[in-house]
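Look at the two complexes coming up: chain A is in both, with chain B in one and chain C in the other.
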Partner chain A sequence: MRGLNATIDKEVESIPGSILRNRTGSQNNFLFFRENELAEYTYRPLKSNFTALEHTTNTLTVWGFPQVKSGTTERKNYPYALDTLIQSSQSFTFQVSDFDVTNYQWSLNRLQDLSLVEYTKLKDDDKNELLKLLDEVPIEDGYPHPAEIYIEHFIKTQPSKTYEYLTNIFNKNLGENPHISYAVLRCLGRLQWRVVKIEGYELILKGLLSSNTDIYEAITRAIESWKLKDGIEILRFLITKSDDYWLNEYIKMVIEDLRALS
Partner chain B sequence: MLPFNVKLSQIASVGVNGLGIEPTAKMISDLALLYEKEELLPTIAKEQTPSGIRSRIALVSSDSQYRLLLGVDSFLFTLNAIDYSGSNINETGEFTEKAIPVFTKILQHFDLKANRMGIVTEGVISELAGEQLEGLSEKLFNAPAFFKTLHPFEWDWRLVSLLDREFGGKTEPTNNIVILKRRKIQLQRNGETQPDQLDSILVNLDININPDNTMPRFSYEDVEKYFSTAAKWIDTLSNEMNDFLFADKNKLEQAGE
Partner chain C sequence: MEYLARSISIKRWKLDTARGSAWIRADAVTNCLKTQEDVLSFWECNLDKNSIDEVATAIASGFKTLEGISIILLAKTELEAIGCNYNLTDGETPLKSAVNKHMDVGKLGLDDLSKLARLIAQKVRTSTEGQLLINQYTQNRLLELIGLEIKKGNININSLNEKLAEKFK
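== the complex of A and B ==
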């Protein structure tokens, strides 16, 4: 229980050796502490609703305490804490006073070899957690969404089950909770093509049956992000379905960008 | 018509060389747009082929009742039951009307000709009394004394006959297949926690063009003509089986009316 657990309630705490990048210089979302180089970590979501990373051979202990709402003391289990831990080799000092899961940033240069990490299977707890993130945490342009790392990890470890589950979430919520379906597409679209592959593309095209322009926007952003020239005809089709002037202008711009790709 | 208590599925198939239709982003995009009006969306499917399991494209309706599998050797268009009784499955002709434009589009899009066509209806007859079930096995089998004394609770019956059939000015040899199986099956009713155990007859009616001639020779117009006619063939076969299997029962019911 290194210092973090003890300092969580303090208004400001400087912790050398931690690894989280601070987006704006304001408050952060996670607390980490590191004493040794990364090696052979085991990730374990604990029943007590917080994240623990324990080094199996040495003395590393990392605790993450993201809070859902500013000012609350709720602690949740977020496996992307691990990702954030792994991606950086630099030391930072950051302040601990308030946490907001929508307000943190991680580098996209994440650990290449996830086999170092023993992830849990896609169990009901994980599904609930993922659904909750998709439902409650808004998508913000320019900032990663916490569900992304869940989805990425599960796609890498058990792709067919993950896509089946995401498809279910997408279909089930498209009518009454389209923001959740939107979040599924946006999170997928933000992952790299080498991760999502053709199955991810297939999933985002399920939005073609929708009449929701937000869903069209999510499809467009995914095709743009993946630089998928083969999606140009889909984008042209979206223009015929959308009556949103600005979205259509955006789609046209994406088409031009894709066409310009060599 | 056979008195299905559960309609399981209707299947229409066309034999083609579909080897080149593989799941790529381009193919997925093209097919999503091709079947936009039918609201069939592409998905990745696995197909068991003689050379192993292959990734293929299937197009599926959002409620999963319709599915078009673009296999290596054939395209299969299926209407599957989505509830306990298969209430979404209606007349065979209604299904083939849906199948025809689906096949027409894909054959035109890839400029393919078919080498055979087939149509299948599957269902379950589950509401038969014990003596009726035993009567069926006596009618279908000339069994040895052992099985006449001890009525079998499980059996398989399959007949195939070759018949030249005509559609759209073409005459082709067709396999006409009826498969009956007595099985104890489990069916899970919506909302029920325990499945029903049903002593049932599983029925499969199948009329397909004989596979001996592998030459791609059927245009999409031929495919249309085949399926327009094949619905009646299946219905006729179903009527004949019903008369054969349940003539006594039907007479009794008519007398009761």
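== the complex of A and C ==
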């Protein structure tokens, strides 16, 4: 994701967020993005008042808000096919046609770190999209992976189906395409504990049956990121299984960090 | 300063005993040695813990998501020996003290990348923790280092990525 040529129009830059549409989905599938998250995408002009964004994988299209300058309170009815956006986890509803810059920013604050506005069902198209991202986009330390957004939204809206699906992907690819299984664990490990909960931990632990040290690394990073003191025993077990010098050194450091937690 | 440092993903450089020591994964090169305008980004440092900590802080403070990293050190003489040029450029990092310690290595061609890759693979495969040529940082350690620099006024919290900044508020 680093080094993308993001040419951001000045006016677009002043807009605090955008609506993202899943190209393959119905018109009801929309994700809400904050401005800083849009820096990952490449912009191109669409119509006079709109901007389209494209991800490098060419899998997503973003329809930007009309270029209303910050600070104005001019109300506009937006000619989208959007009727109602629902912030699912808090049952919070608002009309797109009510948007002006002022209440848009209020909505933005309200949504905070939730990118999801509405995501209806885990459809086959979405599954294909997710699998494609896990397969094709490498994990880069310190930079978000596009599949994380999908996984987080799916977990929030339909946890049991999502874990069933992710477990399937993990198991199915562990032998011949371990990078996909690795990506599942890394993306999951990057989500907050309050999102993944025990089900996420259980999925991560399925990696213990593997003999792949990359999978061990993903388990380590998840336990580290979630600050799971209970994971110390798992980490100790990994050291006994792994013959990777650097990974084992890293695991020892994480164990020390976790032990120091009050 | 005698060394240039860069973050790499160690697992991509591991020895594959079945394929032999000459083999280096293409993924290692295409992911860890991703050039822009034929140039690779490095940070100048010494072979001591404080100096390497500064590099780790410079890199991690620019992250969107804080994660453990590994820093590899290459001696300037090693780079010169394989014909790589380097020059000072302003570094893009919230860590003010590190901005003028950024080095561009390049212009690199395919042969240069190949030589550089062999140098890195050899270091990952033969060095050990205490030698400081490969240095691993956990998420927690990076949090400590960045927090310290914020306290010293060396990092403006507003210059951090929003999610990262939240960890220090």
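Everything below uses one rule, namely that the second predicted complex is superposed on the first by the 147 of 262 C-alpha atoms of A that agree within 3 Å, B and C clash if a C-alpha of one lies under 4 Å from a C-alpha of the other, contacts with A are read in each partner's own complex, and residues count from 1 in each chain.
Convention: contacts are C-beta pairs under 8 Å (C-beta built on N, C-alpha and C of every residue); 3 or more make two chains touch, one makes a residue touch a chain.
This structure is a prediction, so every number in the text was calculated from the model and none was measured.
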{"item": "Which superposed partner A:G231 touches (first chain B, second chain C, both, neither)", "value": "first"}
{"item": "Which superposed partner A:Y245 touches (first chain B, second chain C, both, neither)", "value": "second"}
{"item": "Contacts of A:N168 with chain B and chain C, given as first, second, both or neither", "value": "neither"}
{"item": "Partner chain in contact with A:N128 - chain B first, chain C second, else both or neither", "value": "neither"}
{"item": "First, second, both or neither for A:M253, with chain B first and chain C second", "value": "second"}
{"item": "Comparison of chain B and chain C by chain A residues contacted", "value": "C"}
{"item": "Touched partner set for A:L205, first chain B, second chain C, both or neither", "value": "first"}
{"item": "Interfacial residue positions of chain B with respect to chain A in the complex", "value": "23-26, 28-30, 32-33, 36, 39, 41-44, 62"}
{"item": "Residue ranges of chain A in contact with chain B within the complex", "value": "171, 198-199, 201-202, 205-206, 208-209, 228, 230-231, 233-234, 237"}
{"item": "List of chain C residues in touch with chain A within their complex", "value": "7, 9-11, 14, 27, 31, 34, 36, 59-60, 62-70, 124, 128-129, 134, 136, 138-141, 161-163"}
{"item": "Touching residues (chain side chain A, partner chain C) in the complex", "value": "2-3, 36, 113, 138, 140-144, 190, 213-214, 217, 221, 224-225, 244-247, 249-250, 253-254, 257, 260"}
